Amino acid sequence: MKELISSITKDYLYRLIKDGKRLDGRGLLEHRKLDIETGWIGTAEGSARVHLGDTDVIVGVKMSTGEPFPDTPDRGVMITSAELIPMASPTYEAGPPREDATELARVVDRGIREGKVIDMTKLCIKEGEEVWLAFLDMHILDFDGNLFDACGIAAMAALLDSTVPAETFGFGEDYPLPIDHVVIPTTFYKIKEQIMLDARLEEEMISDARLTVGTNEKGEIVSMQKGLSGVFDYQDTLFCIEKSKEIGDSIRALMKK
Amino acid sequence: MKELISSITKDYLYRLIKDGKRLDGRGLLEHRKLDIETGWIGTAEGSARVHLGDTDVIVGVKMSTGEPFPDTPDRGVMITSAELIPMASPTYEAGPPREDATELARVVDRGIREGKVIDMTKLCIKEGEEVWLAFLDMHILDFDGNLFDACGIAAMAALLDSTVPAETFGFGEDYPLPIDHVVIPTTFYKIKEQIMLDARLEEEMISDARLTVGTNEKGEIVSMQKGLSGVFDYQDTLFCIEKSKEIGDSIRALMKK
Amino acid sequence: MKELISSITKDYLYRLIKDGKRLDGRGLLEHRKLDIETGWIGTAEGSARVHLGDTDVIVGVKMSTGEPFPDTPDRGVMITSAELIPMASPTYEAGPPREDATELARVVDRGIREGKVIDMTKLCIKEGEEVWLAFLDMHILDFDGNLFDACGIAAMAALLDSTVPAETFGFGEDYPLPIDHVVIPTTFYKIKEQIMLDARLEEEMISDARLTVGTNEKGEIVSMQKGLSGVFDYQDTLFCIEKSKEIGDSIRALMKK
Amino acid sequence: MADEDVKLIDEKGIRLDGRRFDELRPISIEAGVLKRADGSAYLEWGENKVLAAVYGPREMHPRHAQNPSRAVVQARYNMAAFSVPDRKRPGPDRRSVEISKIMSEALEEIVFVEQFPRASIDVFVEVLEASAGTRCAALTAASVALADAGIPMSDIISSCAAGKIDGQIVLDLGKKEDNYGEADVPLGMVPSSGKITLLQMDGNLTLEEYKQVMELAMGACKKIYQLQRDALKRRYSTSLKNFEEMADDTEEV
Amino acid sequence: MADEDVKLIDEKGIRLDGRRFDELRPISIEAGVLKRADGSAYLEWGENKVLAAVYGPREMHPRHAQNPSRAVVQARYNMAAFSVPDRKRPGPDRRSVEISKIMSEALEEIVFVEQFPRASIDVFVEVLEASAGTRCAALTAASVALADAGIPMSDIISSCAAGKIDGQIVLDLGKKEDNYGEADVPLGMVPSSGKITLLQMDGNLTLEEYKQVMELAMGACKKIYQLQRDALKRRYSTSLKNFEEMADDTEEV
Amino acid sequence: MADEDVKLIDEKGIRLDGRRFDELRPISIEAGVLKRADGSAYLEWGENKVLAAVYGPREMHPRHAQNPSRAVVQARYNMAAFSVPDRKRPGPDRRSVEISKIMSEALEEIVFVEQFPRASIDVFVEVLEASAGTRCAALTAASVALADAGIPMSDIISSCAAGKIDGQIVLDLGKKEDNYGEADVPLGMVPSSGKITLLQMDGNLTLEEYKQVMELAMGACKKIYQLQRDALKRRYSTSLKNFEEMADDTEEV
């Protein structure tokens, strides 16, 4: 099932956006109220619940040990998955992960992996034989648009909250999950030639194109993903990258508190 | 697909039951003719075919060896599954196990597991490394109601019939599967405030609520499962438990012959 | 979805066949232009693309190492699969292998396995522990009938093209996959009492019965498979076997070039 | 469940977590916690954390599953991968399929399903953290979420387990008590009428012990019923206050 | 199939289980063994135990699979988990998918499918114990079940295999003969007309050997045909007797 | 991607396969290579071998997935089991699901989907041999196949990646460069308008580096665009020639 939107709402939204305005009075490049709560789940090695406006997601990190991949024998392994559980929206149905969930999980995963967020070499127990596996599971509880940012931020926060349960597995003392970089994704939506940040559901539904840019604390770009069937031009992408750095810095500052 | 029943049959059944009568002339707390045939399948370690009236089921036990669960390193493992194969009813379809089959398998499984029917410590080969796995597979061949009792009784009979194939696996002489308790489930159905035992298909279809009670040879309760969207009250449950003990004893007596 | 054919085409085909003629002017026992191209895929241990008229298939062989089956500890293992990918026909849909694909894969597999094409004893690395696994994957790219022959020939050609990648796996020098026999399947179709070889799609669609006969270079029969809901009589089968030997020889000759 | 040499009750009758035999773990319930769902509830029960959402009555898909004379209540119990010490593989397993089924049946009893032919009423429960007793927590939360969604119901269901540990009958088994105890009886009931809508039992009980177990569990259901009502009252008063404030705002204009 | 140094025939021409080259294993067939199915049959063939049930003609689901001009025969061959020495995982594997397909095709030949447009005729075969030759046993039992269901048919199919072991042509291979023999040819045919509805072959045969194999198998099919007819006759006479008794009872009243 | 001590560029600025930083691997494209598909293309790009087929516009199944106001473009990217050094299990994995999704979205931009309400336009891409850059190869081939199918389109998409290896910005990363390089940016665009329809990035780039990467990739897209047009021209002229020959034949009669 697809989310549906009436043509009246659609027209109203178009008119607002044309004037650079938004449903909730935000500026085009302003994100919604962001709330990050960590350490929420006792059974997880790390967890974070993120409210981005009314979008509500929870990410839990579980760790266990297992074999490394043959081509990276001295590195831990991260496995990311996302469930668009039917609780979150009248249009989600139970069942195998939809392609939306797959893209979401992969984009969050790449942001962390390619951004070298975790120092994977410190998750090696015995080279070629046993390493730490970190499972990152994302649950969408309430869906009001822009899961890419909500989940990406929650994933980052959950990793920062995580402890390697070495004691439980008989490998010495627990230690914090070794984090090298703090990557923050920001997602831009293009609607009728206007570019805006952090779309709510209704805005997302009328978006022509979507661009997610992940940056680290040095302002380097570590991941990008363009989505939807509309287009950006080259200048748009430069604009989004510049803004992403700024906004990423402000969110990183928020996370340090 | 659901089993369908005409409103005429329905009304007729309601009238009968109101008078404490049943389609086939049985008393409310009488079960149908029970026929247990064991040792039926040469390829199985143990097997039993049970006819409960026209309900016809077969349970086979297969054993092999494997790793124990980490939290019970010195115990064997039992795995139960049920297939509502389309042979048994025009409404069963081939495919992944339906929730009915899942509930059935789990209720039979719990009766045996929680009733400590098998002495699992005698199924340990080498602690933490290798134990016996007992696979209990239930096939429904002809469906005329009350699978819980037919399968539960067949499972118990098949286990009593089973031999641990130690020789085949190179672990000494074969020996009978060590059985500590004989658990018999009895299932009660509530229709318009009347409680009856062992419903036939048509009765099951108009039942408001279902209660399965498993007891052992000492008269102890080892498992209960309430089903369907109707209700019992507390006194009903006491009544069913008392009756379950009686009927369980008579079926246990029958099995010893 | 099923392939559909108009009743006009059907009648036209029937009339042609009655006179021993075919759509493309071939004789009843003549196969279409056969084109075999091997060594096509660099990432495969062996590969062959076969055009049989407009039917276009590709078979790739991949090898790795693994455990042998317990009952054949000194032999390699072959695993065959076929994908009727939706590229090949408007009626194929993505998804789990259909029963057509299953039959195809199994018939090709049996021709090779029962024809003792590969000397499996030469694929043993360490008895009972490690042997070579040969994966034979068939992709149908363009479907104009008679996949049995196209895939069977392509599989044989791909095996003849294959090298055991011993070096990559650290087991000495690469060597050609040891081939003992060259098995060629030929498929006959019965339409209104006429028997013809190598049906095109339209002919296949109006066929009453199908018979695949695999023979080796000694003229021995190694596999047969009758399909479709029509019938053959005993004399038909003798006729097909005789012809299969002849045609098999001519195709074997073609492959040696 | 297996009776090992773990000591679950000390000589003073105190349980591992400090409770007496008839004490519940702390329970807190909040209704109306999600925006998109028609109704929702969040429940913490000891270390259990459970979220319930209700959608419906809405058109049933697929159509052939519609019931022409009434609504179908479809509950889905799901455990988050991170809700248990050893990560759970996402997706339904046999345990959650069974719990979903008996929850659906229990809830159907209290909903006026005849009012919504062909409709489905969907109840989604996510267990975010699990620590024994999740099915009772789920059923309790689902009842509140149904009420929050304004679904016409005869009453609400309260649910609690009791059982036997170290030979004694106790209320509301904790994690270790569940693992090493001798019997567990999850009960779901309508406290006002005494109707039993969910009942399971695993382990070993005499009839006499069963009676004690049920007395404890039925008593606890009444307490939980009060907590459920309080949560709904708070929710209504918040809604009311919001409404009044809106009204006030309007007057000011 | 692999020719090992297992000796399958002794110097007197006697096979492992005591049979001569042209002997069938014992076969017994009973029709009408299930209540809910429209037709059924139970067959024991050596140590093979096979149950067949028929439902239909009935409406085909899903609708898009209907054939507007005729019925579709859908056979499903399934092995019970406990039917083989090493437990089989439940559910269809590639082997059973293939057997189901060729059985469906074979049976479609004898059913007057044109009489039931859009319908499906479902044949379910459960292999409860397997010991070489289950597909022939399944097809033989399915034919009887179809007749028992009163499905209009031109005739029935009989099925038997023959093959080569220790270089000799023999009828109806047993388990070890199948494992260590050189060729196996399962045949399904309408004995009265000689029509071949099922034919497979695996192994290695010369044309001459193939002729001997077929002669044996075709001969055996005729014997099996008689057993099938006998089973149906017994079934009809029982039905008839039941009917007559009912009639008698009625007269007595 | 992991920066190891593999040397990817020598001191003369030459890459492992002999290319300079701004050189493409050899590319060849052929349109109209399959008979049954409505349109098709075969593309070799370095050692990548990719086949694309288009079916449609045709009725969308299942119906509930139809869009009443326009056609839906459904691309399916699939890798053959033998297309990679370690055999890939058949069937879609998460990577191919994602690539299929972004390809579908990219292609929808250029097709006049409003002309075909309720229809589906299906694009099937099979990667027969893979060696870095398959998604760009797939998108490039798919565009040609769509044109070959005569689907009304505003223009075609050309696709190419650029990235960073050994600290240098290079075009069209090869297999080792992809494995050991520092960043990869696959780009899909309509060269005539500069519209970006596909854009991904993995690794680590400064804004300045991003600009260099994009310049290289956008330039390459223009070259590839020319190759696509040439392939289509050859295809049309062959069709035309065939048509003329047919016409000639007709006249001769």
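A, B, C, D, E and F are the chain letters, set down in written order, and residue numbers restart from 1 in every chain.
The rule is short, and it goes like this: a contact is a pair of C-beta atoms (placed from the backbone, for glycine too) under 8 Å apart; a residue touches a chain by one contact, two chains touch by 3 or more.
This structure is a prediction, so every number in the text was calculated from the model and none was measured.
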| item | value |
| --- | --- |
| Shared interface partners, meaning chains that touch chain C and chain E | none |
| Centroid comparison with chain D (C-alpha atoms), farthest chain | C |
| Intercentroid distance (Cα basis), chain D paired with chain A, Å | 31 |
| Inter-chain centre distance, chain D versus chain F - centres from mean C-alpha coordinates, in Å | 52 |
| Euclidean distance of C-alpha centroids - chain A vs chain E, Å | 58 |
| For chain C, residues that touch 2 or more chains besides their own | none |
| For chain D, residues contacting two or more additional chains | none |
| Chain-level touch network, classified as line, ring, star, complete or other | ring |
| Neighbour-by-neighbour ring order, given that chain B leads and chain D comes next | B, D, A, F, C, E |
| In the complex, chain B residues that touch chain D | 72, 99, 102-103, 105-106, 110, 114-116, 211, 219-234, 236-238, 241-242, 245 |
| Residues on chain F engaged by chain C in the complex (per definition of touch) | 34-37, 47, 49, 51, 53, 55, 58, 61, 76, 78, 80-87, 90-92, 122, 124, 126, 128-131 |
| Chain F contact footprint on chain C (complex, rising order) | 1, 40-44, 47, 54, 56, 58, 60-62, 64, 81, 83, 85-90, 94, 96, 135, 137, 139, 141-144 |
| Contact footprint of chain C on chain E as seen in their complex | 1-2, 73, 94-95, 97-98, 100-102, 104-106, 108-109, 185, 190, 194-207, 210-211, 214, 218 |
